[in-house]
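Look for chain A in each of the two complexes below; its partner is chain B in the first and chain C in the second.
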Partner chain A sequence: MTYQISFRNEGEMPDLPVSSGTTLYNTTGTWRYVRPVYRNKTSPCNVACPAGEDIAQYLGLVAKGKYQEARLRILEENPFPGVCGRVCPHPCESECNRAELGGSISIHMVERFLADLAGGAPVQRLPSNAPAGATVAIVGSGPAGLSCAYQLARRGYPVTVFEAWDDLGGTMRLGIPAYRLPRHVLDAEIAAIARLGVEMCTGRRLGDNLSTADLRAFSAVFLAVGQQKSRALEVAGEDAQGVVAGLDFLRRVNLGMPVEVGARVAVVGGGNTAMDAARAALRLGAQTVTVLYRRSRYEMPAIAEEVQEAQDEGICFEFLTTPVRVLTEDGAIRGLQCVRMQLGAPDGTGRRRPEPLAGSEYTLNVDVLIPALGQEADLAFLEHWAGGGLAQTLSMANGLLETDAAAQSSQTGIFVGGDSATGFGTVAHAVGSGKRAALAIDRYLHGEDLNGFPALDQHVHAAPRDLDPAVVRFADLNLAYFEELPRPEPKQRPAIERKRDFAEVTDGLDEQQVQQEAHRCFSCGTCNGCDTCWLYCPDVSISRVDHSDYQVNYDYCKGCGICAQECPRRAIVMEEELKWKK
Partner chain B sequence: MEKVIMGNHAVSFGVQLARVQVIAAYPITPQTQIVEMLSELCADGRLAAKFIKVESEHSVMAAVVGASIAGARAFTATSSHGLALMHEVLHWAAGGRLPIVAANVNRTLGPGWNVWTEQTDSLAQRDTGWMQLYCETNQEALDLVLLAYRVAEKVLLPVMLVLDAFFLSHTMEPVDVPEQALVDRFLPSFEPQYKLQPGEPCSFYGLVTPEYYMELRHKMHLAMQSALAEITAAGNEFGRLFGRYYGLLEPYRLEDADVVLVTSGSITGTSRVVVDEWRARGHKVGLLKMRVFRPFPFAAVRQALAHAKKVAVLDRDISQGLGGIWASETKGALYGVAEPPVVFPFIIGLGGRDVTPESIHKVLDYTVAHDAPEDDTVWMEVKR
Partner chain C sequence: MSYDVSESELLASGHVACPGCGAPMAVRYALKALGENTVLIVVASCWSIIAGPFPYTAAQVPLLHTLFATGGSVASGVKAGLEARGLQDTTVLTLAGDGGTFDIGIQALSAAVERNEDFIYMCYDNEAYMNTGIQRSSATPWGAWTTTTPVKHPKDQPKKDMVAIMAAHRIPYTATATIAYPEDLIRKVQKAKSIRGSKFLHVLAPCPSGWKSEPSQSVLLSRLAVESCIFPLYEVEHGEEYRITVWPKARVPVQKYLRLQGRFAHLRDEDIGRIQENVDDEWQKLVTRSDRAKAPGNVDQAF
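For the complex of A and B:
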C-alpha cells in the first residue's frame, strides 16, 4: 500500500516531517528474522537442590508476599521444609549467583520461614490415580521412606511404612540432635504425612519381626533402610568400655536414653556426625570435648557453620592427628595413644593423603571415646532375603544396594533408595531419592515403561515447571539491574548459654529479612514480572497482561532483540524465524 | 513573593511555575542546582513532573525530544561540554518543531579545563534552529523561563535560556517569584497539533527528499522570523501582568549617545555603572543590552545604533578565525546604513576572567582614543 502525496506549496505541508495517517498498516513484523520468545531457563539453585525444589519460583512468590503459595510449591516436592530449612547443607546456596554480589541468598532460611508459618494449609492431595488394589510397602521411615510414602499417599495409594525403631523419622530423629532440629518441627511434618492416610508400623525390623514374606503381600516395595552402621576405628582396644560409636551415641542421646559422658570426651572424625556427637557430649556435661581429625580443617567434610559453632561453644580441635591405640584399664578406656600426621600427595578424592609422622606418638587422657568415621548400610537382612519367598537376593554395588535411575533394584517390584542405595548422606538427597521411587512405583503399578528418569545425580520433580534446561550463570545476567546487597545472618543464642541445653541454637529470619532475601534474589532465568521488556520495547510491541505475563505483538515486533538483551534474568530468547532457516 | 535566591534556583522556580511535565537532565557544574532543586520538587510532589535521570547529555536531549513529541511540556538544563554533547539532538528538537526550553549556564569549553563563565558554548549552537535568550539578572532568569515557553509554543521552536556561570548561577539576588494563578494566565497548557500516541502511532521525522526538505527549512525560517514579533508581544503581555517588561533589546541612556557599549549577560550591570560615570563626566556614552541572539533582531539593532558614532561590542566569546560573535552580528546589522558607526570588536573576560568597571573604562578609553580599531579584534587585558 503506497501512494504518492504531493504538496503544491509549503502551506499544504505540515511544519514537521510526520506521517499523515497512522502507521498501523505497516506491519513491520515482516522485517523480522529473529523473534523474542519468553522462555524461562533453569536457575543454578534449582539444579543444585537434591530435593528438586523449584527455588527460583517460590522465592518469587515470597517476594510477592504469597507465602502460602510458596510453601505449597515446596510441598509439591518436599514434605520436610522445616527439617531441610534447618539441617540441609544447602548446596543451592553454594551455586547461587548472588554469591558474587553481596552473598548467596539465604535460601534455607526462607524455606524455614515458610515451614514455620502458623496456620499453613494442609499438604495438597492430588486426584487419585492409583490402580485398584495396588498397595505399597515402605521399609524405613527416614526422609527417603517418608518422602516416597508422602508422594504415593498424595496420589491415592494405600501405603504402609515399616520402621525398625519405636519412633519415626530415621536419621532425622536418631542422628540429628534437637538443638539443630527441634522435635516439634520434625513431629509436625511427619504427622502431616500420616494424616494423608499412611499406615505407620513402628518396631518392625526387617529380618527380625518383618519378613520378606510380609512384604510380598504388597504390589510394590520400597527399601530405604539408611546407613546405621558406624565404621570401626580398627585400632587395638576399641571394644573397651567407654568407646561408643558416633551413631549409637547420638541415637541414645536423641531417644532420651541414659548416656555417661564422663569428664573428658574425645571424638574422632571430621564429618557432621563427629560435630553432632561432640556438641551433644558437651551439652550432656562433659568438661572437655576434643575432636581429633587426621587432616586439616580445610579438608573437613562437616558443614563449615557447624564447625564454627562447635568451636564457639568451646570444643577443642586437634588436626593432623589420629588414634593408634585405645589405652585400657580393667576393660575400660583410660586414654588414647595418637600419632601426628602430615599431608602428603593428593589421593583419589583430590584431598591430600594424611601420613603418620614417625616418632610423634603422644597420649591423651580420655573417659569416653566416640569414633565418628563415617557410616555404612546395615544390610544383614539380605542374608534371609532369598529364603523368604523372594526368588533371589538383591545385588550390591560398592557396599550399597544396586539401583538404576528409576530406583529399581535387581528384582522387579522392589525399589531401593535413600542412603542405603545412593550414599549421598543428606536429608535433601534422601527426599529426592524417595520421590524418584514414588514416581517410578506409580508408573510401575500402571504397567508403564520406567525409562526416561533423570540420572541418579540429577533431581526429579513431582510437579515440573516448563523450563529450558539451560542454566543461567552469573555472567549471563544483566548486571546493570542489580546492586551489591548483603546477606542477612540469623541470630544465634550465645555459646555460653546454648551449650547447656538442647534448645535450638539458630533463630530464623524475620519477615522483613525474608522479604529482603526474596527481593535480593536475581530470579535467574525465571520471569518475575519486572516490566523491563515492556518498558524497553522501542516498537511498543510488548503488552503487559498483568505483572507476570507479557505478550509480544509479532505483527509489529521487528526482532531487534532489545527485550532479550535487556532482560535482567535472561528469561527471553531470540529464535530464528523459520522462513529464514535454510 | 520576594525571595533571595541564586540564579540557578530562579530557573528552577520558573520551571515549577511553568508546570513543566517532563525533566531530563545530567548534572554538570555550574548547572547542577537547577536540576537538583527540580529533582526534589518532583520527588516530594510539589511539581507533577516526571524526572528522568539519563546517562549523558545526548540522551538527555533525546529524552526531552521524546517527551515533547508526546505532547509534554519538557525542560532540561546543561552547560558547556554538556551542551556540546547535545549538539546533534538540538537539530532534531528544532527541526522537529518542538517547544522545548533548555537552560544553558555559560561555561568555558576545555581544554584548559575551566568551569567559569564564557558564552562560546551557547553561541556555538547558533545554527541549530534554537532561539537564544540571554539573562542579566536572576529575576530575568526566572521570568524568561515563562516567556520562553510562551513564545516556543507559539512559533514551535525550542528556546535556549542562557545565564552566566557563578555571576548569576551561584549569586544570590532578591527575586520576585510570581503567583501561580497569574502565571497560569500568562502560560496556559499547551496542546500540540501533532503528537506521538501509542494507540494511533504516526511516523515522525522520517525521510524527506530534496523535493520538500527546503520547504521545511523555509517554514522554520518564517517561524524564527515571526518569533521577533512574538517575543515583543509576549514581553509586553508579561509586563502588563507582572510589571516587568521585556523587549528584544534594552537600551540605556542611548538617545544622544555618540559611543555605545553593546553587551549581554551579567557584564551589562557592570557596564551601566561605568556609563553613568562617563555621563557624569559629560561624555555622551550609552549602552545597548542584547537579550535575544536568535532570532537576531537586525532591524531593532540597526535602529538603535544607526545614529551612534562608535559602537564597542563586548564579546565574552571567541569564534577563532572570525573574532567576537556578537560583534560580527552587529556589523551585519549595520551593513548598508548610510554613514554607519565604527564598530570596535572587543574580546574580553574569556575563561571567566573578571570584567571589572576598570575593564569597561579601558574599553571606553580605547574606543574614544581611536578612530578605528587597530585590528580585526581588540583583545582586552591580555598579558602580552
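For the complex of A and C:
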C-alpha cells in the first residue's frame, strides 16, 4: 500500500491546503542506526535451579492464572514438583533479585501450590524417537534414577528401574521424614512416572541379586545408587548398642520399622540428616534431644529454616563441641564424653576449622547416640564389576564415580549420576543429573556424539527456551516500575502440636498468596507483556500481538531506544543496524 | 494490560519528531484521552514540523496550523465556530511550545483565559526554542546552556512560573504533567475535557537535541524531573485548590537529573547546590499550599 500523494496539476490540488494523507508515507525507519530487538534474557533463579526449571516462565504463567500450563512447564524439567516444593533448599530464592526489595519470591511455595493442584493434567509424553530395540536399565530409584527414567520413558524408551530396597524413591523415601514430605505426595509423583510405562523392579541390589551380566542385556545403563554409607564417628565405643548411624535411623523410622529412642538422644552433626534424625527422634517420644555440632550455628550446612523449626520444637543445640568417646556399660551406651571446640583459621571449605580446647572435657548422659556426620557412596558392588563380563571397573574420583559432562562413566554406554557421581546432595541436583543422563543416553542410542553438554555445575534443560545467556541482576532492572512488597510466610502447625506426630509441619500458600508472589516476581529478563514499551514508543511503532507479544514496525522505528531503556526487566536489546543489513 | 490507557491511536507513525522527542508522546496521550471528537490548534512550534508537510498529517483529528502568537485567539474563534454549527461537544486543544506560550503567545492566551473561553491549552515545554536552533525562552531554567546563553553566560534568570500566572487568572483548571506519567497526564486531560471554561496544561517534554541528552533517556529524565521535585505534578482548581497528584517515591537529588543533560554540564557543584536549595524551597511551598486530604495515592509519605 502506498501512502504517497501526488498532484499532477494545479486542478488536482485542494483550494485550501488541507492534508488528505497520513505521515505513514514517511518511513522514518531509515533514520535509525540501532534497532530494538526483543530478546529474553536469563533470570538468576533459572541459573540457580539445579533441576533446570524455567522459573521465570512458570511464575509468569501463574500470574496469568494459567496454573495447569505452569505445572506442565515444571514437569517438562522435573517430575517431582511436589517433593522439591517441600524439601528443596531453593537456591533459586537465594539468587532472587526480589530479595533486595521486600524479600525473595517464595518460589518453592508456588511450585508446591502447582504440584498440589487437584485435577492436574497427566504428564505429557513426547513423540517417541527411541531407536527400535533400544532398552535402558536404571540402577537406583532415587530422584536421579527416576528423573532419568521419566525423561526416557516420555521419549518412548522401554526403561527398567532396579531398586535395592522394597520401596521406591531412594533418599526421598528412606531419608526424608514424612513431616517434611508427606508420603502421599511422593507416592503420587512416583506413580505418575510408573504410568509412563517404566518397569519398576524392587528388591534387586547390584552386586547381590542384580549382576553386571543382567545389566549387559540393556543398550545403556544409568547408575544412580546414591550415598547410603554414613561416615563413622571415629571415636572409641561407637559400636556400642544404642549408637545408630543417622541414615540407618532415618531409614528405619521412614519404613515404619520399630525404633527405640530412649529418653535422652544425642545427634552429632550439623547437616540436614542431623536435623531430620533429631526431629524424628523427638516425634518418637524422646524426652530430650540434643544436637552436638563442632562449629557454630553460622557454619551449619543444614537449611536454616530446618534449624529454626527444630529449635522451636524444643531440640537443644550445643555448638562448638565434639564427642571424643562413647561411654559404655555392658556393651550399651550410657553417656558421651565431649570436648569443647574453638574456631581457628579457615579450612579448604572456607569455614573456620574447629580445634579442641584443652581441658574442656565434659560428660553427657545419653541413651541413644545418632552420628550424622555426612554420607558417602557405597560402591562395594564395583568389586564384582569387572568380573561380570565388563572389561574393567569404573573409575573413581574423590570417592565418587567419575563422570564427564554427558554423565558418561569411564565405560562407554554406562552413565552415572546423582549423589554417587556428583555428591551435590539435594533432590533438585539429582533430578538435574538424571535428566542430563537421559538426554545423553538418548543421543548415545542414536549414535550421536556427546559433546556440548553444559559443565556439571550448570543445569540442563529438556525443553530449553530461547534465552540470551546473559543473566539479569538487580542492578539491571528498571526499579522505577517496582515497589517494595513483603514476602508472605506460610503458616506452620504450632511446635507443641507438630512435635507429637509425623504430619506435615508447614502449610502451603493459598491461591491469593500465590498470586501475590507471581505478581511480585520481576520476571527478570523475560517479557511478560507489561505494555511499557508499547506505551512509551514516541513513534507509535510498537504493536501488541496476542496481548503478550510485541512487534516493532521497523518501517517507522527511529531507534531512540526508549523501549529498551524503560523495559522494567531488560527484555529488549538495541542492536547496530549494520548487523541487520548484512 | 497493566496500564489504564486507551488502545485508540490517533497519532500516526511517520511524524518527523527527532528520535526520543517528548512532544509526540504528550500529544499521543492527550489524543488517547480526548478521542476523535477533537480539533487541534497548532501554533508555530516543533509540532508545526512534527505534524508533517502538506498534504500529510500525523494527527488523525482535524489540526489547524496557525501563527506563533495566536494560540488563545484562534482556539477561541474555532470554538465559537464549532458552537455556531451546533458542535458543542467538540474539544478544542491548543498545542504550543514554551516559546509560543511563555513568550510570544502569552498575550492572546491571557486574554482568552480571562474571557474563560472553553478550550484546553496544552503547552509542551522543552525549555527553549528548539525548532529554530535552541534559543533561550522564558521557560529555560536558570543555569542552562542554549545557543543564546552560551556556557560563558548561561541563563541567569529563573524559569517563569507559568502555572502561577494561569492560576492567577482563576481559571477552572490548571495542571502540570509529563510524559513519564502517561496515566496521570491522561487523567488530567480527561478532567480538563469534563470542565467547561479555560484549562491550562503545562507538560514537560524532554528534547534530546536541545537538552544534549540521550534519546533513550527522555522518559527517565521526565521521571527524574518529578522524583527530584524540579517539576512536581500537581493541579490547581479555580486558582486556589492546589493538589499534588504524584508524590515522589523517593526524593532524588536534582544533580541526578541535571548531570544527565549536556546543557547543564558546565554547572559547578555550588551551582547545583543553589538549584537544589531553590527546588527544596519551591517544593516546600507547594506541599504547604496543596490539599493533602484530596491527594490521590501516597499522601502519607514524609514530605
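Everything below uses one rule, namely that the second predicted complex is superposed on the first by the 557 of 582 C-alpha atoms of A that agree within 3 Å, B and C clash if a C-alpha of one lies under 4 Å from a C-alpha of the other, contacts with A are read in each partner's own complex, and residues count from 1 in each chain.
Note that contacts are C-beta pairs under 8 Å (C-beta built on N, C-alpha and C of every residue); 3 or more make two chains touch, one makes a residue touch a chain.
This is a predicted model, so every value here is computed, not measured.
Enquirer: Name the contact category of A:Val540: first (chain B only), second (chain C only), both, or neither.
Expert: The answer is both, since A:Val540 touches chain B and chain C.
Enquirer: Figure out whether A:Trp31 sits in contact with chain B (first) or chain C (second), or with both, or with neither.
Expert: second
Enquirer: Given the touch rule stated above, what does A:Ile562 touch, chain B (first), chain C (second), both, or neither?
Expert: Second partner only, chain C.
Enquirer: Of the two partners chain B and chain C, which one touches more residues belonging to chain A?
Expert: If we count touched residues of chain A for both partners, the winner is C.
Enquirer: Could you say whether A:Pro17 touches chain B, chain C, both of them, or neither, answering first, second, both or neither?
Expert: Touch partners of A:Pro17: chain B and chain C.
Enquirer: Which partner does A:Gly399 contact after superposing on A: first (chain B), second (chain C), both, neither?
Expert: Neither partner.
Enquirer: Quick check on the output: what are the common chain A residues between the chain B footprint and the chain C footprint?
Expert: In chain A, residues 7, 14, 17-19, 21-24, 540 are touched by chain B and also by chain C.
Enquirer: Per the contact definition, I'd like the list of chain C residues that touch chain A in the complex.
Expert: 1-3, 5, 9, 11-22, 24-25, 28, 51-52, 54-58, 60, 179, 182, 208, 214-220, 223, 249
Enquirer: For the complex, which residues does chain A have touching chain C?
Expert: 3, 5, 7, 14, 17-28, 31-32, 480, 483, 529-532, 535-536, 538-541, 547, 553, 555-556, 558-562, 564-566, 574
Enquirer: Hey, which residues of chain A end up touching chain B in the complex?
Expert: Residues 7, 9-10, 13-19, 21-24, 540 of chain A touch chain B in their complex.
Enquirer: Which of the residues in chain B come into contact with chain A in the complex?
Expert: 95-97, 156, 193-194, 198, 200-208, 212, 215-216, 218-219, 223
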